[in-house]
Amino acid sequence: MIQIFTTGGTIDKVYFDALSEYQVGPTAVADILRENNVQCDHRVTQLMRKDSLELTDEDRAAIREAIHTSDATRILITHGTDTMVDTARTLGGIAGKTIVLTGALQPATLKHSDAEFNIGFALAAAQALPDGVYVAMNGQIFDPATARKDRKAGKFVDEVS
Amino acid sequence: MIQIFTTGGTIDKVYFDALSEYQVGPTAVADILRENNVQCDHRVTQLMRKDSLELTDEDRAAIREAIHTSDATRILITHGTDTMVDTARTLGGIAGKTIVLTGALQPATLKHSDAEFNIGFALAAAQALPDGVYVAMNGQIFDPATARKDRKAGKFVDEVS
Amino acid sequence: MIQIFTTGGTIDKVYFDALSEYQVGPTAVADILRENNVQCDHRVTQLMRKDSLELTDEDRAAIREAIHTSDATRILITHGTDTMVDTARTLGGIAGKTIVLTGALQPATLKHSDAEFNIGFALAAAQALPDGVYVAMNGQIFDPATARKDRKAGKFVDEVS
Amino acid sequence: MIQIFTTGGTIDKVYFDALSEYQVGPTAVADILRENNVQCDHRVTQLMRKDSLELTDEDRAAIREAIHTSDATRILITHGTDTMVDTARTLGGIAGKTIVLTGALQPATLKHSDAEFNIGFALAAAQALPDGVYVAMNGQIFDPATARKDRKAGKFVDEVS
């Protein structure tokens, strides 16, 4: 069983005409899994609904606690990209679990979004990788210790390579 | 480096108005990787452009030979779904390589297609799984020995489970 | 009130994996009108579900009869593009009605389809044009007497201009 | 010849990850016309790039002047929806021109947007309607004197009907 925790971020942003702005909405993950006829055993739980720049230490503690408490050993977390690496670094040392973080640089509601691809990519990573914490973005699996979002280039990079 | 071989199938089908029909076109994989800003080292090679029901023993021998000859140890194959499992079964016994087959039940050109999700899913599987041959469909990683396409249900199933 | 008659054609084609082929499905028009929050008074009636190359003289007589019988004076017909002009030419001489034919060169189920634009275009044409029969394609309003589908160029042209 | 003036609004909004926000971008109209293979003679001119709540009296005077100066008698204006009716009311009394305003409640960059349909609808309205000023939204042609955006309901309504 794969436990999917959602925390918000660009992947879940929707446009509200009534406000003329863009906000974090209900998670897009459930729709993506259903529309792609995903058959693996999984459960989707919304932990919070925030832009990742607004996540606090308490939020990160809550994510860690949710992973710790879950009976699942394979965990997928959707998360805003700006602080995804920061959150990943706080999740180290949980024994016996494969924890994969992903998100999107363009909202799932957009015609051209990386949401669907990234969720697919991260779902396989969560099933196939050994225990540990990983960032799965841009078709690559990163070690949070050396990963960084290059905001200007619009992609994640490995500081080492 | 991940070597991606394309063989055709539904994933690459396009609609030709001039023929009022649907045919296997140039591969959709390169576009999907570019549009999702995939950064992992990879190479896309078109081996053939066929509906999988038309694949012959010679075609399967050619696929096997291409894998064998490639300097890559991580191989992703896009393939029609009807005989994907059959092809996978002929690819056993190639030592030191992770071989993942995927495809789509709806063409990548359609609004609602599983192509993007499946390519993302299979790309992570090819990076993370140990040596062996796998079918990656419906968000699940199958052993070709027990996998089967349930055409009526429109999904892949594991005969054992 | 605008009466919309659907007859099939490329606009309504869907892909059936179980058949590995493309067929005329239920009409896409109702979905397009709902998704675009269309508020004008209208009614959608399916007359037939055929590729336009298969339409017979009886079919065309049935279309003419449906227009004649309808209490609406503004009529929109979705139709395959190959014989759209032929059908339009058989609909002349019905007094007091504005009759607009449209369709699509790419199925509405495709990511890149002219279906939505064309339905929008034809719906305004049906509301704004005086009595007569028109072909509304490629953002242009054609007189059926001089219109022709240029299959190679993938567009409708006016033989006169 | 149809002159298309763009002024900004929701229809042209794009998402900038680098800013985690949504802004008015380059106009979507040119892409929509090209992707739908529009063949009618037309010219697209960007007048301004603003949320319609930010349009000033000077902006409206500039729009009026551009229409007045144009050699075209058929004018299509893309505009934010919040003050579309207000602008339309300032454009009365220009003799010999058909002026149609349209826009979108969801950005053209979104998967589910009314942009393509509305541009198609307004383009036919601009070709087929007699001289005057019109608001073309929700598949309806409104008289600006009695039209109103019902923000809560997310659609335009006619105060009279």
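All chains are identified by letter, namely A, B, C and D, in their written order; residue positions are counted from 1 within each chain.
Here is the rule we use: a contact is a pair of C-beta atoms (placed from the backbone, for glycine too) under 8 Å apart; a residue touches a chain by one contact, two chains touch by 3 or more.
None of the values given here were measured: they were computed from a predicted structure.
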| item | value |
| --- | --- |
| Between chain B and chain A, distance of the C-alpha-averaged centres to the nearest whole Å | 26 |
| Euclidean distance of C-alpha centroids - chain B vs chain D, Å | 45 |
| Separation of mean Cα positions, chain D and chain A [Å, integer] | 38 |
| Where chain B touches two or more other chains at once, by residue number | 105, 112, 154 |
| Chain contact topology (line, ring, star, complete or other) | ring |
| Touching pairs - complete list by chain label | A-B, A-D, B-C, C-D |
| Chain A residues touching chain D - in the complex, by the definition given at the top | 10, 13, 15, 17-18, 20-22, 51, 53, 81-82, 105-107, 109-112, 151-152, 154 |
| Touching residues on chain D, where the partner in the complex is chain C | 32-33, 35-40, 42, 105, 112, 114, 116-125, 127-129, 136, 138-141, 154-157 |
